[in-house]
Structure formats: C-alpha cells, structure tokens
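Take a look at the structures below.
Shared between the two complexes below is chain A, which has chain B as its partner in the first and chain C in the second.
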Partner chain A sequence: MRPLTEEETKTMFEKLSKYIGENIKLLVDRPDGTYCFRLHNDRVYYMSEKILKLATNISRDKLISVGTCFGKFTKTKKFRLHITALDFLAPYAKFKVWVKPGAEQSFLYGNHVLKSGLGRITENTMQYQGVVVYSMADVPLGFGVAAKTTQECRRVDPMSIVVFHQADVGEFIRSEDTLT
Partner chain B sequence: MGRKLDPTNKVKRGPGKKARKQQGAETELAKFLTDETGPKRLSSRGRKRAAKRIQKSAEVTEKQPKKGFTDENSKWLKPAKRKRKVDEPENEDDSNEHWEEEDEEEEEEQELLQKKKDQGKKSGKLAEKEVEEEDEEEEEDDDDEEMLLPIERAAKKDKKLKEALDLESDEDDDEEEDDEEEQKSDAEMDEDDTIQTNTDEGERFRLPGAEESEMEGVTPLDLKSIHQRIKDNIDVLCNFSTKREPGKDRTEYISLLKKDLCTYYSYNSFLMEKFMDLFPLSELVDFLEANEIHRPVTIRTNTLKTRRRDLAQALINRGVNLDPLGKWSKVGLVIYDSSVPIGATPEYLAGQYMLQGASSFLPVMALSPQEGELVLDMSSAPGGKTTYIAQLMRNTGVIVANDANADRLKSVVGNIHRLGVTNTVVSNYDGRQFPKVMGGFDRVLLDAPCSGTGVIAKDPAVKTSKDEADIRRSAHLQKELILAAIDSVNAESSTGGYLVYCTCSITVEENECVVDYALKKRNVKLVPTGLDFGTEGFTRFRERKFHPSLKLSRRFYPHSHNMDGFFVAKLKKFSNVIPTAAAGKGNRKNKNRKSTEREQYSATPSQSYDF
Partner chain C sequence: MAACSVEQLLAKAEQEEAEKLKSISVHKELDLDFDVGNLLACDKNRIESRDFREQKKEDFLRSLARDNTQLLINEIWKLPTERVEEAIVAKLPEPATPLPREKPPPKPRPPTKWEQFAKLKGIQKKKKTNLVWDENAKEWRRRWGYKRANDDTKEWLIEVPETADPNEDQFAKRVKAKKERVAKNEFNRLRNIARAQKVKVPGVGLTPKAQQSKDELSRAVSVAKTSTASMGRFQDRLPKEKAPKNQGKKRKFEPLIGDFSSEKQRQLELLKVMDSKKPKLDITKAVNKQMREDDREEAAAKHKKGAGKKGRKGNMLGKGKGGKGKGGKAGGGGKKKGKPGKH
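For the complex of A and B:
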C-alpha cells in the first residue's frame, strides 16, 4: 500500500470532479476524521487514517481490501471509476438523472438509458457531463455520462440514448470477481 | 311390365339428352324420399313365404308339453313337487337337479337320472357336503313353500350356494393364517399394534430372524414398510418392558432401528450412531425429518442504509410475502414466498438487506460489538457476520475480516461494498497465524470451519461423506484456531475482552470438547451468551465430563428452533498471560493456578470476576 503520486492524484481527481465537482474537499476533510486515498495492486482505496494504521500491519500479499475501493488504474494509467464508489458520489453529485420504473431493470442490466426511460434530469446538464442515476424512489442505481444536454433531451425522439451507462449496482452480481 | 305401363305418363328412357333432363322437384325428390310409414307391400312370393313362417311357429308352440292336469281341474289344481330323501342313493341324482333352475328341463333330467343310476356316486367331497347341507335346507323349505314362483326358488338356491361357499372360505382362511404367521413381515403385524384395539393380546412387533435379514439384503424393501417398522421399533423401545419380545436384547432392537434409519434417510452408519447418541429416540426422527426440508429463507435489514419497516414495505410492493423474524431480532425478516428473485431486487443491489440464515444472527448478537472497538472476524467468508458487526458498530471503529480461502474473500469484498461498510480491512491469513500479525483486539468472532452436521438440509452430501477422521480433523483445527483467537484478544480492553466461538455443527467433539480444551489451556472463562432461547450445552456426554460452566453455551437444532443446527459459546479472557504447558494439566490444578496468577500478575482491569 502506498500513497498516490502527484500524477495519479491529478488523474483521479479530474475524474471525480466530473461527477461531484469541487466537493472533493468534503471527501477528504470529514468531521469524523481525516480520510485518505491509498494505492494497492493498482486499485485506489479510500479509508480513514485509523484504518490506515492498522492496515500497515498486514503484509502486502495478504491484504485484499481496505476501506472502500473507488476504482482502478488501467495499464495505460487511466482511471476507471467503480460502482463501489457510488455511496460517496451520490450525496455530493451535482447532476442527477431519475429513471422511470420500467427502465430501471434495463439500466441494471448494463444498458444505456433511452429517452423513453428518462424520468427527470437536472437543469443545465452539459453534454458528456458525468451524472448519477437514481430510481424514482431516490435510490442511487449507478452513474453515467449524459449524451445530450437537458434542452436537447426534451426535443429528441424516444428511442435515442440520453445517458451512457458507466456503472450500475447490478455489477455486484454480474461481475463480483472483478471487484477485487 | 306390360300392364304396369301407363300411356298417359311418358317417361323418357335411354342415354339421350331428354332422359337426363330434370323433371321438376316433386318427381325428383320422390325417387329419394320413400314413404316408409306404411306397411311394406309384399310380392306374391313374399306373401307365400310369410305364410310358411307363421305355420312353423304354430307347430313349435303345439309341441310344448302341457303342464298340469289335462282335465277341467287344471285351472286350480297344481301337481305336487317331488320330495327327496337324504339317505337314498338316488338323492344324489335328485340333488343334482337342484342345480338346474328351470323346471321345464325336468323331463330331460329324468332321462339323465337313469344314466346316472348306472354310473353310481361320483360327486366330489365338497359337492356332497354342500349338497347335503342344501338338501336338508331344501327339504324344509320345500315343505313350507311349495307355492314359490320359479324365480323365487332360483334366488333361494343362489343364497344357499353362497352360504356354503362362505363357510368353506372361512375355513380356508384360518388355515392360511396359521401357516403364514411366521412368514409374514413384522410390518403387517405391527399395524395391529398401532391400531390400539388389542395392544396386549394382538400380534406384537417381532424382530426378523436371520433368514429374513438375508432376504432383505437381496430383495429391495419398499420404503413404506421400512418407515412403518421404524415407527413401531421406536414405539417398542419407548415402552420396552411392556412391549418387548422375551429373549430379545435391547441392542438387537437398536441395531435394527439404526439400519432402517440409515436406509430410509440415506445416512452412513457413523453419523447415524452419533445422532442416536445425541438425541433421545422421540426427537431423533423429528431431527432427521427436519434435515430433509429447507429452513425458511431469512434476510437481515442493513440498518446503515434503511429501516426494517421501510424495507418490508418496499419488498411487499414488489410482491414478496414476508414477516418479522421473531421477538429476538429487530432486523430479521423471514420470506415465505416471492414473485421476484430475492437475491436480485433493486433493494438488494442497493445494499438494503443481506440474505442470511437465522442462526447466523446469533453469534453476532452474542458478541454485541460496541462502537469504536477493534474487532476481528477470523473466518468471515461470505461476509454476512462481518457486515452485521459493522452495522451494529455504525461504521465506527475497525473490523478486520480474515479468511484463509482467497476465492471466498471476493464475496466478502463484494458484500462489504454493496452494504456500504467503510471500516473494514480484508486479509487472507490462515487464522492460526493471526496473533503474530496483529493482536490486541477488543472482540474476536470465530465461526470455525466444521463438519457441517447442522446444515444437512443445505448440503445433503454431508450425510454420506463424513466419518470419524473428518470429525477428528475438524476438531483438531478448531482447537488450534480457538487458541489463536484467544491469543488475539486483549484481556485488558476497557470495553471488551470477549471471544465468541461458534460452529454450524452439532457434534460434541467439535463444540463442547473444543471449548473445554480452551478452558484448560488458557485464562478464559465462559459467560452467558445473552441469547435467551436455545438448548443448553452438555456438561457431560457419555464417557466425557466437561467444565460445569459449559451449560452457559447454547445449542440450536433444526427441529426445535426451525433454524440451522448451531452452537454458540461466549468466552471472556481475564488475563493476557499464557499458562505454560505443565500447569495446564487437570482441572483442579488449573483452578488453583488461575487464582494464584490473579494475585501475582495484577495487570487485570478493575472489573470483578464472578466465579
């Protein structure tokens, strides 16, 4: 386990800010203690400093996971955000998309969101803006990238894609193995 | 042809066009619809034939002999019936006539009579017997009821026939029963026993002899009769003095019962032996039956993300039939049936609940971790208990979730992330090495790997695959693990110092023996688990005796508590000192040493220990 380098930190924060903007500060300085990011086996883990101290006792090859995994760095050093980060992104999300009950299942299977499944969308969403997807009961389902601006979404025909799927909670069952 | 031709009505004949022309509906239809209501008009020859027929039938009727008297008295005077006597040889022949029901044939019979007289007696024994009986009866009847119509007489004959046959068959049955009594299987006789009409006088449950046992080995016995035999065997064993067969030992009954149970429920005899030692006979069948069916599906609400009330509402809206688990749990729900797969609802994916067996709630409830503590879960896969600990601690403190199997750790990680647990470190050590890695935990939970005899309902392969060596191996591993777990606990912890040891097995070797071993080897004592239901653990079992505090541990069975078989014991460590091997021999020495150590190493906290 090692701390992130400057470059890695920059790449990751850039990705995060797409979804939560400047609220990244809130992730680090929390009222119940300081939290930090650490890298282990190409994965980024988010944990409080108390856990960090204890986790150093465990040898590298025996350590499987610490705190919450946010995502991983690919071989070409790009950062990929995992669904496991949803709990931290959802409260600070700047742009949200609500999905109708009928299209919920489809999104949970990994499909993109079509105009026909779109319930609500926050105003002034830019194109290719990172969004968090909710169900109509305000349960976070995953996140994605907006394919159209809010204005365009109103005009476009029902079969076109409005949100590109990036991660959804169905992955906990579908790809359990790749979480670690 | 000539006279019938009508010149006024010319009908076209021949192959020409005019012949084929239709002549109007009435004439055409007349060809098809013939009037059949009127009598058929016969030709001359037909009339002659009919006359001949009538003549013939008249002749036949004339031939029939006149019954009765031919003078004027025929209207009221009927001829008397012939009377027969028993002793005369002619009676046979006469009696043969009894069988013939029609009086009209009596004349023919007279001819037969003469023939038979010449032949002599020829009827079989039975016939004689019946006939004699019938003769006597008939004589009386004849005297009384001469005026019977022929059909009534025939009916009477039938009746007598039947009675005679019944008498015969009764005699035959009696003979058969005597012969077959020894060959009959016990099951049939047992049915008399269980029908409580003649429990003492009726036929008793008998053990099959050597020959029959051999036969059973060759021919497949049907399960129904085995089941019946099991029930009756148990019945006899329960009231042994009254229902036993004289000369037969109790062990014979028991060995037969064991063999039958193994066949019926498909267990190997080692396991069956163990169960017969553990349970009284009345509970044994209940236990075995409970192992055949699954326990109900239960879920645990994740209080980090939702409340039980809200979750229940959301699931009911999806079409799930559920109920709270019981008074003892505030987070459990039992699922009766569901139209959607319970492991794939959006609520499950959002981490609002976890599929977990009811018995797995118990060790965490016994552990009762407090907020801000340092907790170790030594065998955490698939992560149900770890996440329950985390939700009880409200994501504070630190949990170390360890498991020796790297593949199963993936499910631990998955569940931790899904349920929103943030205070956990997941590691892949062999539990026995743990004290060297890290120590000083406030609480430790050890759900030791076991033989799985309590969860046979989930995994029927256990029935046949476990034997003496498996149990011994498990017990050895568990003893090592429990010592390592004890060494990881910090006895001086301000809030804790507890270890909960649990298994999903019901054998004494893996449960009470292991805890007793720990009591002897380390400075720990048993404390109440905090679970108010469940059977108490054994303080002695067959030839072994355990520490009396073992009754604070709890056992759970599928047939009495409707959850998987489980064993939970809560231990408190009162000193961090590890006693040396020499001092660890014998209970008495241990007790003395414990008290001296308390005096010497007074590094104990200010809590008072109740002994």
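For the complex of A and C:
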C-alpha cells in the first residue's frame, strides 16, 4: 500500500471530476475526519486514517481491501472507476439521469439506457458528461456517460442510446470475484 | 665439342646420382637415440669445435641438421605404413620420452560442506548396488534414472494426508518439491565450486544455469553493461537492441502514513489548478444555449401564427439561422439547423 503519486492523483481526480465536478473537495477535505486515498495492487482505496493505521498491521500479500475501492489503474495507467465508488459519487453528482421502472432492469443487466427508458435528465448535460443513474425512486443504480446532450435527448428517436453504461449495482453479483 | 659436352653431362649426372645416394645414407660414429613416437632424435656425437669456430658454421649446422633429419626419416620409413587418401602414412609407436608438466599440478580441492561434516561425524561412504528389486514390475531395475525401480513420478494415486488441505493438488506439490530439491542441489554444488576456487558468487539470478530464461539473460546483459567505469553510459547497443525499461533509480514514494494535512493541502491545490485550467466557455454549452433559444423562437412563432395570420411576415424575420421556411415545420424539424462546433 502506498499513497498516490502526483500524476496518479491527477488522473484520478480528472476522472472523478467528470462525475462530481468540484465536489471532490468535499471528499478530500471532510469535516468528520481525515480520509485519504491509498494505492494497493493497482487499486485505489478511500479510507479514514483510523482504518489506514489498522491496515498497516496486515502484510501486503494478505491484504485484500481497505475502506472502499474507488477504482483501479490499468496497465497503461488509465483510471477506471468501479461501482463500489457509487456511494461517494451519488450524493455529490452534478448531472443525474432518472430511469423509468421498465428500463431499470435492462440497465442493471449492463445495457445502455435508451431514450425510451429515460425518465428525467438534468438540464444542461453536455455530451459525454459523466452522469449518475437513478431509478425513479431516487435510488442510485450506477453511473454512465451521457451519449447526447439534454437538448438532443428531446429530439432523438426512442431507440437511440442516451446514456452509455459504465457501472451498475448489478455488478456486485456479476463480477463478484473481481470486485475487491 | 658436342661429344665432350655430352661426356661432361653424363659425368655430372653420375656425380649427382652418387651424391644423392650418399645423402640418403649418413655415417655417424655413434648411433642416434630415436623416439619415433615423439619424432625425436638425440645425437650424442661429439662436435669438433674447429668446425664451429670457422666462418662456415652456418653451413656446418645446416649439414648437421640435414644429416640427423635424414636419419630420423629413415627410422620413420622403417615403421609400418598405410595409404590414406593418396598419402602414405606411417603409424607412429607410443612416445617413449616422458615430457615434463606444462603447468603446476592442481592443488587439492577443499572439502565440500558435506565432506567436512562426514569427516567430523565419521560417516563412511556406503557402496550402493546398481540394481534394486522392483516389487511392482517383479524385476531388477536401476536405482535411479530411466525406468527406475519404485518410480515416484509414475504413481497414479496419491493419498491426501489427514492434515493436508483437500483442495491442494498433491501431484503438483510433488513436482514442485522435486524442482525445489534440484534447484537447491544445484545451488549447493555451485557454492562448493565457488568456495573451492575462492571465487565471489554474483547475486541471485546471475549465476549461469543450464537453461536461462529470457529475462534472466537480459538481466545478466544489463548488469554486464552497467559494470563499466562510467556505469554503462558509453556502451554501444546492438542495432536492434531496445533500451531496458525499469532502469534508473528506484522510485521513491511518500511514506504510507505521512502528514495528512500536507497531503490534503497538495490535493486541494491540485484541484484548484485543474479547475483553473478548465475552459470557462464550453462550445457545446454555447451551442446548446443557441439551440434552446431557437426552440423558444420556434414555439413563439408557432404560437403567434396560430393566434393571428397578420403578423406572419413580421415574424418570419427571426434571428440569423431562422429564415429557412419555418412556417410549415413543427418543433421537430430543428434537425435541419446546422450544429456548429459539435465535432
């Protein structure tokens, strides 16, 4: 386990800011305790310093996970956000998409969101903006990337994709083995 | 004239013949000692110092050498000969003269760790029989090697012991243990050799093995390359050789539990820098805004058109993008409008 280097922090923050914008400050600087990011086996974990201090007592090969895993760095040093970060993205999300009850299951199975399944979308969403997907009951289901701007979403035909799927809570069952 | 010249020629020819014969047979007071196996001839005849002191010592030496060589060759001709590819070859006997050593005799090897221990404990080497009775095959088989008796590797059934993990692969475990034993033996053997020659053993992975893998070889190459006075900076590379990756200083990371507040500060500053770098005006935002305005105008125009046909002309003006035949189209016709800056 080690802290992130400057470049790694930058890559990660850039990725996070796509979803939560400037609210990353609230993750970094929290009133209720010092939380930090640490890298272990190419995965980034977000934990409080209490947990960090406890985790130092476990050897590297026996340590599987600490705190919450936000994502991992691929072999080419790109950052990939995992579904386990949803708990921290959802409250701070800038752009949200609500999905109709019928299309919920489709999204949870890993499919993209079509215009026909789109319930609501925040105004001023740019194209390829990171969005958090909610159900109509305001339950966060996952996150994705807006395929069209809000304006365009109004005009396109019902079978076109409006949100590209990136991660959904169904992954907790599907990729149980690879999620740490 | 011609006749006497012919006579002279004949006489000359006879003389030469005689000389030739003479040259084959050499007369010496004492016979030479021959060691034909080493092609050695020792001449014990006395040399007249008179011959040596004269000016003709070169000639004397030459004639002496010629005579002795002739005698040696006569000896060689006495040996049995055979014909090998158009050459007559004489079979030389065993060399009789013992030659002295070229190099000093080897020093006795220092005993290996095991030998020291055996000497200390008084363990004698037990002679082992070559063949062992194999119960399964009911015959005598060799102790180790090809088709050995009681071959461990050929067992098709291995019982899982009580204390072992049921999911463990016992066959793989056996193979791995064997590999480890072989590697350990090899390592000890090389260590004994190193100790005997008082040679310093290079670090792990650089001792030459029988089969070296690609990265072991590349590692050895890189270590060899950097072992120069200027740390390998001026060493030429082969034409297609790539620069080694993972070279250079080992990366130093921040300590795991460093100063949390300073870490926080650095991250906040990084965020600030990132924010400042983002462009204030987004082209897509601008386009969206424009599109929204156009939509609003369309709606307004339709509404007005619906209200009264009088204001048609006046409303046809619209802003720059407007006037393309709005009248007939509903709001969904907005696709026709150009979307600049989208790509």
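We take it that the second predicted complex is superposed on the first by the 180 of 180 C-alpha atoms of A that agree within 3 Å, B and C clash if a C-alpha of one lies under 4 Å from a C-alpha of the other, contacts with A are read in each partner's own complex, and residues count from 1 in each chain.
Heads up, the rule we're going with is that contacts are C-beta pairs under 8 Å (C-beta built on N, C-alpha and C of every residue); 3 or more make two chains touch, one makes a residue touch a chain.
Since the structure is predicted, the reported quantities are computational estimates derived from the model, not experimental observations.
When both complexes are superposed on chain A, chain B and chain C end up sitting side by side without clashing. Within the superposed three-chain model, A:1 lies in touch with chain C and out of touch with chain B [touch as defined at top]. Once the two complexes are overlaid on the shared chain, A:116 sits clear of chain B and of chain C alike. Touch criterion met: A:84 reaches chain B, while chain C stays clear of it. Within the superposed three-chain model, A:41 lies out of touch with both chain B and chain C [touch as defined at top]. Contacts of A:13 after superposition on the shared chain: chain C is touched, whereas chain B is not. In the superposition on chain A, contact is made by A:54 with chain B only, not with chain C. In the superposed model, A:127 makes contact with chain C only, not with chain B. In the superposed pair of complexes, A:74 makes contact with neither chain B nor chain C. Put simply, the nearest alpha carbons of chain B and chain C end up 9 Å apart when the two models share chain A. According to the touch criterion, chain A has no shared surface contacted by chain B in one complex and chain C in the other. Chain A meets chain B in the complex at residues 46-48, 50-51, 54-55, 57-59, 62-69, 84, 87, 104, 108, 135, 137, 139-141, 169-170, 172-173, 176-177, 179-180. Listed in rising order, the residues of chain A touching chain C in the complex are 1-3, 5-6, 9-10, 13-14, 17, 22, 24-25, 28-29, 34, 36, 38, 49, 52-53, 56, 124, 126-127, 149-151, 155. Those residues of chain C that touch chain A in the shared complex are 253-258, 260-261, 263-264, 266-268, 270-271, 274-275, 282, 284-285, 288, 291-292, 295, 332, 334-335, 342.
By the touch rule above, chain B contacts chain A in their complex via residues 314, 343-344, 346-347, 349-351, 374, 398, 400, 406, 409-414, 416-418, 420, 422-429, 437-438.
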